[in-house]
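I have a structure I would like to understand better, so I am pasting it below and will then ask my questions one at a time.
Note that the chains are named A, B, C and D in the order they appear, and that numbering of residues resets to 1 at the start of each chain.
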Amino acid sequence: MQCFASSISRPGGVARDSGGAAVMEMMDQIFVDLKHWLVSLAPAQWQPLISALISVAAIIAVFASLFAVTTILERKGLGRIQNRYGPNRVGPFGLLQPAADGLKALTKEDIVPRSADQVLHFLAPLVLVVPAFLALAVLPVGRNMAVVDLDAGLLFFFAVGAATELSVFMAGWSSRNKYSLLGAMRAIAQMISYEVPLILSGVCAIMMAGSLSPEKIIEAQSAYSGWVPHWNVFTPWGLAGFIVFLIAAAAESNRAPFDLPEGESEIIAGYYIEYSGFKFALFFLGEYIGMFAVSGLAITLFLGGWHAPASFLEWIPSYIWFFAKLLGIIALFIWVRGTLPRLRMDQLMSFAWKFMLPMALVNILAAGIWRFTPGITRWIVCTTLVAGSYVLLARGLAAHSSVAKRKYRYAE
Amino acid sequence: MTPLHGYLLISAMLFAIGLGGAITRRNAIIVLIGIELMLNAANLNFIAFWRFGPNPEALTGIVFVIFSIAVAAAEAAVGLGLIISIYRHYKTANVDQIDSMKG
Amino acid sequence: MDWVARNLWLIPVLPLLAAGLSALAKQRHRGFAAGLAIGSMGVSLALSCVAFATAVSHSGTELSRQVVNFRWFELGEGWVKLGWVLDPLTAMMLVMVCFVGLLIFIYSTGYMAHDENFTRFFCFLSLFAAGMLGLIIANSLLLFFICWEIVGLTSYLLIGFWYHKPAAAAAAKKAFITTRIGDLAFLIGIVWLYAQAGTLLFYDNGQGCLEKPALASLATQVTSVGMAVPTAIALLIFCGAVGKSGQLPLHVWLPDAMEGPTPVSALIHAATMVAAGVFLVARVYPLMALGPAGGQVTSTALMVITWIGALTAVFAASIAVAQDDIKRILAYSTVSQLGFMMMGLGVGGVAVGMFHLITHAFFKALLFMGAGSVIHGCNDEQDVRCMGGLRKFMPITFATYAIGMMALSGVPIFFSGFWSKDEILHAAHNWPVTHLPFYLGILGALLTAFYMTRQVAYVFFGNCRLSLGKTTASEQRTVAHAGVSAREHPQVELPAEPHESPGAMVFPLVVLAFFSVVLGFLGTPAWPWMQRFLEGEHAPVQPGMLGNSGVLSVMVTSAVIAFLGIGLGYWLYGRRALESQQKDVLEQWWPNVFTLLRRKYYVDEIYEWAFVGLNAWWARACDWMDRWVWESIVQLLGALVVGLAWVDRVLDEQVVNRGFDEACRSISGGGGLFSRFQNGRVQNYLRALGLGLVVLVLLLIWGCRAS
Amino acid sequence: MFKGSPKSVMTVAFVILGVLTLSSGIAAMMQRNLVHCALSLSITLAGLAGLYLQLDAQFVGFAQILIYVGAVAILIVFAILLTRENEPGSQSRYISNGYLGFGLALALFAVIGGAIVSSKTLGRGQVPAPEATVRQLGDQLMTRYVLPLEVLGLLLTVALIGAVIIAMQEKESKSPGGTK
């Protein structure tokens, strides 16, 4: 685990002099130091294993609790948006609702259809959840706080993300239910279609940092001019890439308005109709963890990772910034879900292939121009390029009227 | 018994498995899977020889594997397309029933 | 290194951009496409004028050739390099192409005004300009070849621009394929040169393939058949030039190419593209001139060039005498003039050939555009027999056309054609090898003057024979091919009086006429500025040269020849008004000769017969083999078996029957066995492969053990 | 990944991955249910990726997962669903005289394995892990292998279009092969 060699070496970061800064420094690195202390207790030949276990345990604990928080936030937020109280019975303000849900999920009967393919039906949730947690391993949640610092970290992220499609297929196919199968097919088609713009919009950040490692990408955005940080999102291509990335991320994690695969009104619950009890909870967990992971990637690629949004806020510990940004993006997702209606399948596809993909490609071109042209000209060129292609593509999409008024055809 | 032996043995075994499946199974798709297995066995060879070979600083093995992965993806796409259209035409995907080239 | 030399690449890139943009434009954005093309061409013209000025200012100094090379991509160990060069040759060609091109663009706005595919046309034109200019500035034979092919492609596209017209489509295909024959040899030559010289750059301060070291190393090598390597390469490259410049025997495509729109004929098939072949020879002249010993005696390649040029000149001129389509006459005249240029290159070196190339580009473009204007004015009538008396209806066209005609037929003193052709004849006269090309040239000049006079007499003199009222065949063709444009075209529906063409078409004519007069004075023997410029020296004014006996004699000869031709033509055709139905005068005298000429010496037919016949013969041969050889063998075997059986039966019923049946059974069994291998199941084949693999590995191991 | 870690971990991981890969490979070849075959194939490919990581070829390993597990396996699964037999399992999954194939495969493995085991030249034991960063790969691909890269891009494009055209639903044209 060479990553810990990197994290043992004391952090670079901003030079501290005053005492208060030292305290802040300590606060910033407190978890790292804690872990090193724990590891140092173990015998030498076990240390790599121990440190790995510790980080994995920490990741799982943190993000699982974040999952619980997010569920309650989402339900209450949606409630407010729909002008009703969210859950408010269990505990103060219903804050214990997640615990109650967890208990319910654990205690409910686990139904497996008779004709189902037992093994796959059992494996599917695991195949969903495990890669989702794996993907978190390369995200630096704070200074020196990535589980592993891979040279090809982003590739790793997307690679383990690929397993999601398999699990969805397993779930849909194994439960021998035509709605499940339809849902799985939809989900896979959607994921494959939106994975392309997702990766491509990430490419421009990679180009800028000249590396696939999240640490390096964050490092590339770490500078400040005045107190304004050099985040990718503050450049034309970065902004466009960020937006494309967020949309694609919402589609990847089957969030509204892209939640066709589990659209209740059409195919009852998509590929997990036949799941109940704890497996269903696992699916739920998996989806949310996936959402966290991809949001964290968005933060890493475009929002400067764990860096503070302004130079004079650097004293606040890095992980706090990371999770603040994460919660912000999650709030955005919740808001979108509460606001936008669900798309139609053909609209979904044409949006992916006719708008997102060209936009991402143009964005890469813009990033290249940005990289190789100096001064103010690059601002003008990139802005015109991105904005112009946005306008043209949007007009083309509207012209092909895939969003025309729906003509209802009754079964005859 | 160096590590290289181990990897080579694994790749040989994988190749044999793929070959066995490819020449015994009925279904065209499984035949294709067998071929994919053989390809991957070859890739494993390349990587192993790159890792333990005399001059690994030339990334020949890795680059070759990258190319062969891409080629294999293309091959899978075309092969499956062929299988599908054959299925549409003959209403079967069994290679032993598709023998219109019988001499 | 000057700014313009460094940014020379802009000249071809601007039209390329124009082409790309107008390719994206909709068909109805006519003004956009035309403006783009003309604007880019104008800028290129300005740039090339700057380049020309630079070249002139550096003339004679070591800066007279400025080269910029860059790496393209890494191939194996070495890099493939491209580059561009600015030297007098390039500069002169640049100005010429940009200027003529610009004028023709302007002209086409008038000529193609009614065509529905206006935008596409200008897209192709710009692409052509890009290719041509790139070819001119290329400093690498590879880049040269790339642009060469672009130019060929655009020529194909533009000949077949009215692709719904079968003749046009056929002509386009013919042009493309015929030139491909030459280009194949050209490509082989390039590859060979690369193998020998190791580079395709012309000039690479010392390493280029046209510079001393490479040439010296080339000159020493001899092919297996005894021919010197440089000669062989030069001839292969020359094949490309033959194809592009329509020399014998690959000239057949050029006249057919006249199916394309007239501006295309003017730009591509008269002024620039066909001259590219000549330019190619001029560009690689050091290679061409490289004798077997590298000595100064005229090299084999140059002799071949001279002979082919001279023959082409006479051959095509004689055909042109008997043609009736106004554009075809000009086409054959182009072929013969190109022959003159080749001859000039062969006998007199770069300067002579290039001088004629430049002047010819101007007056031939002028003639073609005049012809276009005539056709335009006569409701797309192309047959000279159905015209006549047009000088009353379109005076400006007539005047300019007459100037062009006189320039082409070499009327002395005032017309550029005279001086350039005179240069060639003079050089031919001084050629050490033999005087035959000189006489051929004289004959060609005579014929040129003659057929031009004939044409002018047919078109402009006499009384108007335009078939008013009833539509001629060519008009029906026009209506057929023009499609929508025919409906927009007011004159096509009912043929009106012939009328002068719009300003956009007349203006270029005037300009070109001016230049086809003036240009000659840049290269008179008295003040051979252009030639010296090309050779990088300064030209003194020496009027005494005119009095020089050799020069004077040749000048007088060619002048006499020109007047002789014109007089003959006038005497035959100009004296009395011609009737549209009446047979040609020559036809009345020597019908056979005339038909022979009119049918272009039956070259097309000969090719047809040769290739198709060869095919048929081969098929027959195969058939014969089948019928007799194999069949007979089979028969023989059969007879053998039958005979054996018979003998056997005669010998002994019992044994033989059994034995024979046994034999048959085993044979059929064997057949069945073999056919079982071919049971069409993929996995059997796969299995065989696997088996082979096992056996091979076993052999390998065994071999290792053995060793 | 396990750079610098004790050799025991290496070997253990190696054995686990090898067994996983081979067993799932066998499963992919011998199971009756096609979908199971495809899924076992994806396990095999993942195992191979693990082996690549063992060999310090990070990039290739992840690319393997991304492309094979993410794309090819899904593609195969789709194909299986599209060419579903009407009565699954009604007939033997092996062709007649398939035993020949097994024999052949075994023979092949015996021969090659024998060759490998008996070869003297292979033994080099542990060698320090060579450096293969993404940056180096990129440089190589952009300079030395740029021409193959271009050709490969062309090939992929052609394959994509070809596959689409081959598999395209024919418009009531009875042309064999389904191309239109």
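The definition used in the following text is that a contact is a pair of C-beta atoms (placed from the backbone, for glycine too) under 8 Å apart; a residue touches a chain by one contact, two chains touch by 3 or more.
Source: prediction; values computed, not measured.
Asks: According to the touch definition, list the chains common to the neighbour sets of subunit A and subunit D.
Replies: Intersection of subunit A and subunit D contact lists gives nothing.
Asks: Which one of the chains is farthest from subunit C, going by Cα centres?
Replies: So the chain farthest away from subunit C turns out to be A.
Asks: CA centre of subunit C versus CA centre of subunit D: separation in Å?
Replies: From the centre of subunit C to the centre of subunit D is 54 Å.
Asks: Quick one: report the Å distance separating subunit A from subunit B, using the average Cα coordinate of each chain.
Replies: Each chain reduced to its C-alpha mean, subunit A and subunit B end up 34 Å apart.
Asks: Using the average of all C-alpha atoms in each chain as its centre, how far is it in Å between subunit A and subunit C?
Replies: That pair's centroid distance is 63 Å.
Asks: Of all residues in subunit D, which are in touch with two or more distinct other chains?
Replies: 59, 63, 71, 78, 95, 100-101, 104-105, 108, 112, in rising order.
Asks: Which subunit A residues sit where two or more other chains touch them?
Replies: Not one residue of subunit A touches more than one other chain, so the list is empty.
Asks: Taking each residue of subunit B in turn, which ones touch at least two of the other chains?
Replies: 19, 23-24, 95-96
Asks: Please list each pair of chains that are touching.
Replies: Inter-chain contacts occur between A-D, B-C, B-D, C-D.
Asks: Which subunit D residues qualify as touching subunit B in the complex?
Replies: Against subunit B, the touching part of subunit D is residues 10, 14, 18, 21-22, 25-26, 28-30, 34, 37-38, 41, 44-45, 48, 51-52, 55-57, 59-60, 63-64, 67-68, 71-72, 75-76, 78-80, 82-83, 85, 91-96, 98, 100-102, 104-106, 108-109, 112-113, 116-117, 122-127, 129-132, 136-137, 140-141, 145, 148, 152, 155-156, 159-160, 162-164, 166-167, 170, 176-179.
Asks: Any idea which subunit D residues touch subunit A in the complex?
Replies: Touch list, subunit D to subunit A: 1-6, 9, 35-36, 39, 42, 49, 58-59, 62-63, 65-66, 69-71, 73-74, 77-78, 81, 133-135.
Asks: Provide the residue numbers of subunit D that touch subunit C in the complex, in ascending order.
Replies: 95, 100-101, 104-105, 107-108, 111-112, 114-115, 118, 143-144, 146-147
Asks: Taking the complex as given, what residues does subunit C use to touch subunit B?
Replies: Subunit C reaches subunit B through residues 675, 677-683, 686-687, 690.
Asks: Would you tell me which residues of subunit B are touching subunit D in their complex?
Replies: By the definition above, subunit B touches subunit D via 2-10, 12-21, 23-30, 32-34, 36-37, 40, 43-44, 47-48, 50-52, 56-57, 59, 62-63, 65-67, 69-78, 80-89, 92-93, 95-96.
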